[in-house]
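In the part that follows, the structures are each spelled out as structure tokens.
Both complexes below contain subunit A, partnered by subunit B and then by subunit C.
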Partner chain A sequence: MPDGLRDLLHDAAVLHSFVDFIGEYCKEQERSQTYIDASGLFFKYVEELTAGIKLELRNEVDRAARFPNRLPVLRRNMLTLKYYLRLLHTLIKPAADAHTLTIPGPLIDLAGKQLRGVKGMSSSKIVILLTPEFMYFQRPHTHVKEQARLVETFVPQATFPPKLGFIELPYSQGPSFFTNLAVYHEIGHFVYEELSSLNPPYPDFVALRSATTGSLSRIFRDRQVLALAVKIVQNWTQEIFCDLFAIRLLGPAFSFALVEILSMLGFLSSKLSVKFNPTHPASACRFAEHVNMLTADSWMEAIKDIKSEQKKLLEAFAMIPRSRYNFYLDDTTRGPQALVNAFLDSVIPAIRKLVHELTPESNFAVRRFGRVRHDIEECLKVGVVPIMQHSNSPDPVSLINSAFCFYLTSLPEVITNFEGPGADRDVDIYSKWTRRLEMWTMKAIEDSQIQDRYRRLKRTVSWSFQKKKS
Partner chain B sequence: MVLSKKEILRRMQLAVSDDSNLVITPLIYANENDIFDSDSVDLRLGCHFLLPKTLDQPFFSPDRSSATSLHVRVHVPLGQFLVVPAHQTILGATLEFIRLPSDVSGQILTKSSVARTFIVVETAPWIHPQYRGCLTLEIANVSNTPVLLYPGRLICQLILMRIAPMQPDSNNPDSQSNGDSTTTKPDKNYFGPVYPEAPKFEDPQDDLLRIGVTGVSGFKRIKRYPTKKGWRESKPEP
Partner chain C sequence: MTPMDLQDRAEYLSLALFAQKVVNALMDYADENKTAKLKPSLEEALDSLDSLLNAKRPSGTSRRRVAAFSSYEHLRTVEEVWTANQRVKAIRMMRLVLRAPRNPKTKAVANELIGLFSELQNQALWNFEQPKPVSPRIMQRLCQMV
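Take a look at the complex of A and B:
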């Protein structure tokens, strides 16, 4: 046996057991649980990859025995494989945990459908991961895809699915509905990552980049400082982009959900809400942009009668003058205020333009909401899932916004009506009814998806029937 | 009096705030006759199921812990199927969410074509006025062959009956009069479910105490713990 071959054989055997386990694990999970399409696609890829790796490992050892001078190449390939598998390893278990009983499936389906309606994202899919962290997060995927392409050169049996994104939900929020609307923000990160790295670049992303570098280069002359400033402003840009993107797809329900989450995380104190840090803009700045966008899209007018704390909070934050915003590099070190000003004056207008360019008009959504809101609220008031009939079924965005408005304003009334006076002050009962409301909303979305699928099928059948006839 | 198709459709057109309104949603059909008969409406099987779990006890005791101890939840999306083994039972639910009017009771029956495969859909078929929710179906395969169930297919039929008018009950503060009938408020335990629901019981001691029975014999749950040689029962408490 040539020098080094035994080592290679040992390494290959260890790797073989490793990928064998991963492949079997994915198969086992798919057998025992139901997953959304994107997760199924991801598991299929992993299964094909692991089968391909096992085959290639056998071939490589054969090749090495015949051509000992190939040993260094084979070793390099093995290293690439190990690194890539380490990346995949962190995705597989959280994806396996996120089956349809632990995530809000209808909401994720809806978000995926809306995502595919965004310019340049037509075939995108989102894999949901459950994380032990109490946060929503989009796993950056560009690096994973680069490594996948590298691996494909010597394991050609599996191709990484194009435009596949990974979004983490906190496991505790898995089946809940209202807080999980935050997933739209993370989808914004996915869109940003996909479209900002296009070649040739998207014109509005070029404009956004120019606005950032142009405004900052006037303030910071030192190259290193400028690079750091650009990095920080890019972080803020993404956050505002994602918020506005989510609002365009979802309307005010997203803002209300974000208020709930930030409040749960304790980020809405008066001191923290005006503080920019290197990764996030101040909550007050974010909410000011929410209110701007909601006003421009006529949503604020449509929900002007809502008298909830969340809406008041949103408006109060939006009213905070920008002079009170401050920027801290860490807990104690203050950063240059000029960075915040440049961001507000030059970059935010470019973000708004980009979001408008990418997302569909929201006028129809607002009008539809106005038309169906009363009917939806009437159903919820009597403890009924919003009704889906053949004609005039409410659309999912109207459903979500109406249900959220109802949750913020009318839930105590329903509790009192069914449970008796004073029951709305009982935390257990309140929580139980919140859960019910979420289930009914989710059921209505699921029903609307079933109706939608049926309508599409009916159109196809009638079209092919007419074609046959003619 | 059994409600006719015309009456069912009429009540479905009423506003939801009206006590006489009937809700069945979503109704999916190409043709009304696909799901309506002259005196009934067919309902579809939903996508969620509760399958019996292997218990850690040698028996099942209907008590407080039963809701979580007896079943394991399963989701079968439209387009896939669930196998019900021979002589096995599962809990499913209708795809449709229903709300009965205050003057109407309902009954669920297995669709005759389904019944002829020896799938029995309901053993507690009565639905009280004002019930709302997806109906939990106790599905039993009483045949000698495993049978496939496809969510979304028609599985049972709902028959609706108008209840005779009564006078308001002065002794029951929960009772409400809606003109010609008296109704009680809907059951809060099973209010508005959208998935099959596990049974909810009080502990037998509490239940029987209400009728004056004390000293109800209980049983000790067997606690098992792992040892080097396998699982062992814990020592009985003194």
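Take a look at the complex of A and C:
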């Protein structure tokens, strides 16, 4: 056997073992754990892909034997495929770890349902991944999808499931509730990626792109410099889009959750909060947009009685004048302020318009919250899961916002009532009751989902019964 | 939040896979006379390369999306591996293959194209493996706007 062919066979055998393991691993996980539907679809794709690659490897070896002059090209092709699998490899284990016992199932179900209510996202699904990083991420899936489309031309046996998004939660936050509200921001990234890559694109995305490139091409003439500037502003655009998107679906609870997370990460110091970097806009700019939207949607009016540190912080950041914003390319290199100005003046108005276009109006949610908040808080005060009453049953968004407001303002009172005076100063006890409050909220959401399913089923059954009768 | 380094690296891998798609279609044609994948692959590459040479603006500005050569990472890789003349030559050769696939001389052109796209694939894989920060020249020019 010629040397080159032997080397190629060796490469093929290594790749074969690799895909064999991955395929079997996915099968084994599905047998031993319970997953949300989207994870099952992803595992199925991986299984089909690995089976397809094994077949293709035989063809490649056969081709190499017939056309030895192509050996370097064929080896490079295998390497490219291996790199694609390397990228998938980073998704498979975190997806396998995120079974129903390690993630906040009811919240993910709710987020998935709301996601499918967004214009253009009706059949989308989210795969949850657990990450070792202490950060929430949305795995950019456009690349995976684009790569899968290209790989399908070599491995036609596997088609990547359409409208599949990947959201990563820090593994330590898996079962918690309030901080996991950040997944709504990540879902925003998924929506942005999915809808902005449509062909032909949505008119509001075209307007947003035109606003970006129109304002930047007046400042930057060099092609590569302009490409870099566009890329930076697109990063900022996505962050603001995702925040506003999350607020429209969730209300002020999202802003409170984000304040908690950014504060935990140390991003809210006075120096950092006004700093734009190549991937993120300044926190102050983000919160100014939060307050702007919450005010426009009447949420600020609905929570005007809340006197929590988080709300004060939110309002204080929103008040910081834009003249104090600055942009650094790294720790020490100052970037062009013109980029920030172009973003604030030309791009942000287009983002607001786009979010309004894609998401449902908030008026109903605000009114419902106003109606049921008192009842929900009364339940939480006496330590019970908010009860569903037929006449005034609380919806999940009201439940989440009421519970978060309660957490920010009334938790010490509950702790004192149940544990005695002074117990609210004991960190163990405080933490335990926070966890309880999160569990009650999650249970209430689950109950509302079950009731919702029941109501839908009842409607279907009564309809089919009437149909039979007629 | 998005993990940036992975995103940047993924762009390089997309380019490598794109190049592989073109190379495979050309090999099928040159070695086995199969032309089923030739037209769609070359047209996609031609479209992307055309927009790279003719457009005045980077990605995201036009209503029509191209398959490659639109992002910063793609542009950078292309500029690292192909000279301006080679880009023009690649377009000319792709047009020739599309125009006269039955001409026996076209196979030599296809082989030359395989060489060009293999170089591009190689460089994209290298950049995926060893992602470099934004080039200092570009960064400096961006900073000149301060």
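Note that the second predicted complex is superposed on the first by the 409 of 470 C-alpha atoms of A that agree within 3 Å, B and C clash if a C-alpha of one lies under 4 Å from a C-alpha of the other, contacts with A are read in each partner's own complex, and residues count from 1 in each chain.
Throughout what follows, contacts are C-beta pairs under 8 Å (C-beta built on N, C-alpha and C of every residue); 3 or more make two chains touch, one makes a residue touch a chain.
What you see is a predicted model, and the numbers here were worked out from it, not measured in a lab.
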Partner chain(s) touched by A:199 [first = subunit B, second = subunit C, both, neither]: second
Which superposed partner A:271 touches (first subunit B, second subunit C, both, neither): neither
Which of subunit B and subunit C A:238 touches, first, second, both or neither: second
Partner contacting more residues of subunit A (subunit B vs subunit C): C
First, second, both or neither for A:307, with subunit B first and subunit C second: neither
Touched partner set for A:31, first subunit B, second subunit C, both or neither: neither
Complex contacts: residues of subunit A adjacent to subunit B: 34, 99-101, 105, 378-379, 381-390, 418-419, 436, 439-440, 442-443, 447-448, 450-451, 454, 458
Partner subunit A, residues of subunit B touching it in the complex: 15-17, 23, 25-28, 30, 73-78, 80, 95, 97, 99, 132, 134, 152, 185-186, 188, 191-195
Interface residues, subunit A side, partner subunit C - complex: 63, 66-67, 70, 72-73, 76-77, 79-80, 83-84, 87, 90, 135-140, 143-144, 146-147, 150-151, 153-154, 185-186, 189, 197, 199-201, 206, 209-210, 212-213, 217, 219-220, 222-231, 234-235, 238-239, 279-280, 329, 333-339
Touching residues (chain side subunit C, partner subunit A) in the complex: 1-4, 6-7, 10-11, 13-14, 16-18, 20-21, 23-24, 27, 31, 37, 41, 56-61, 63-65, 71-72, 75-76, 79, 114, 118, 121-122, 125, 128-129, 134-135, 138-139, 141-143, 145-146
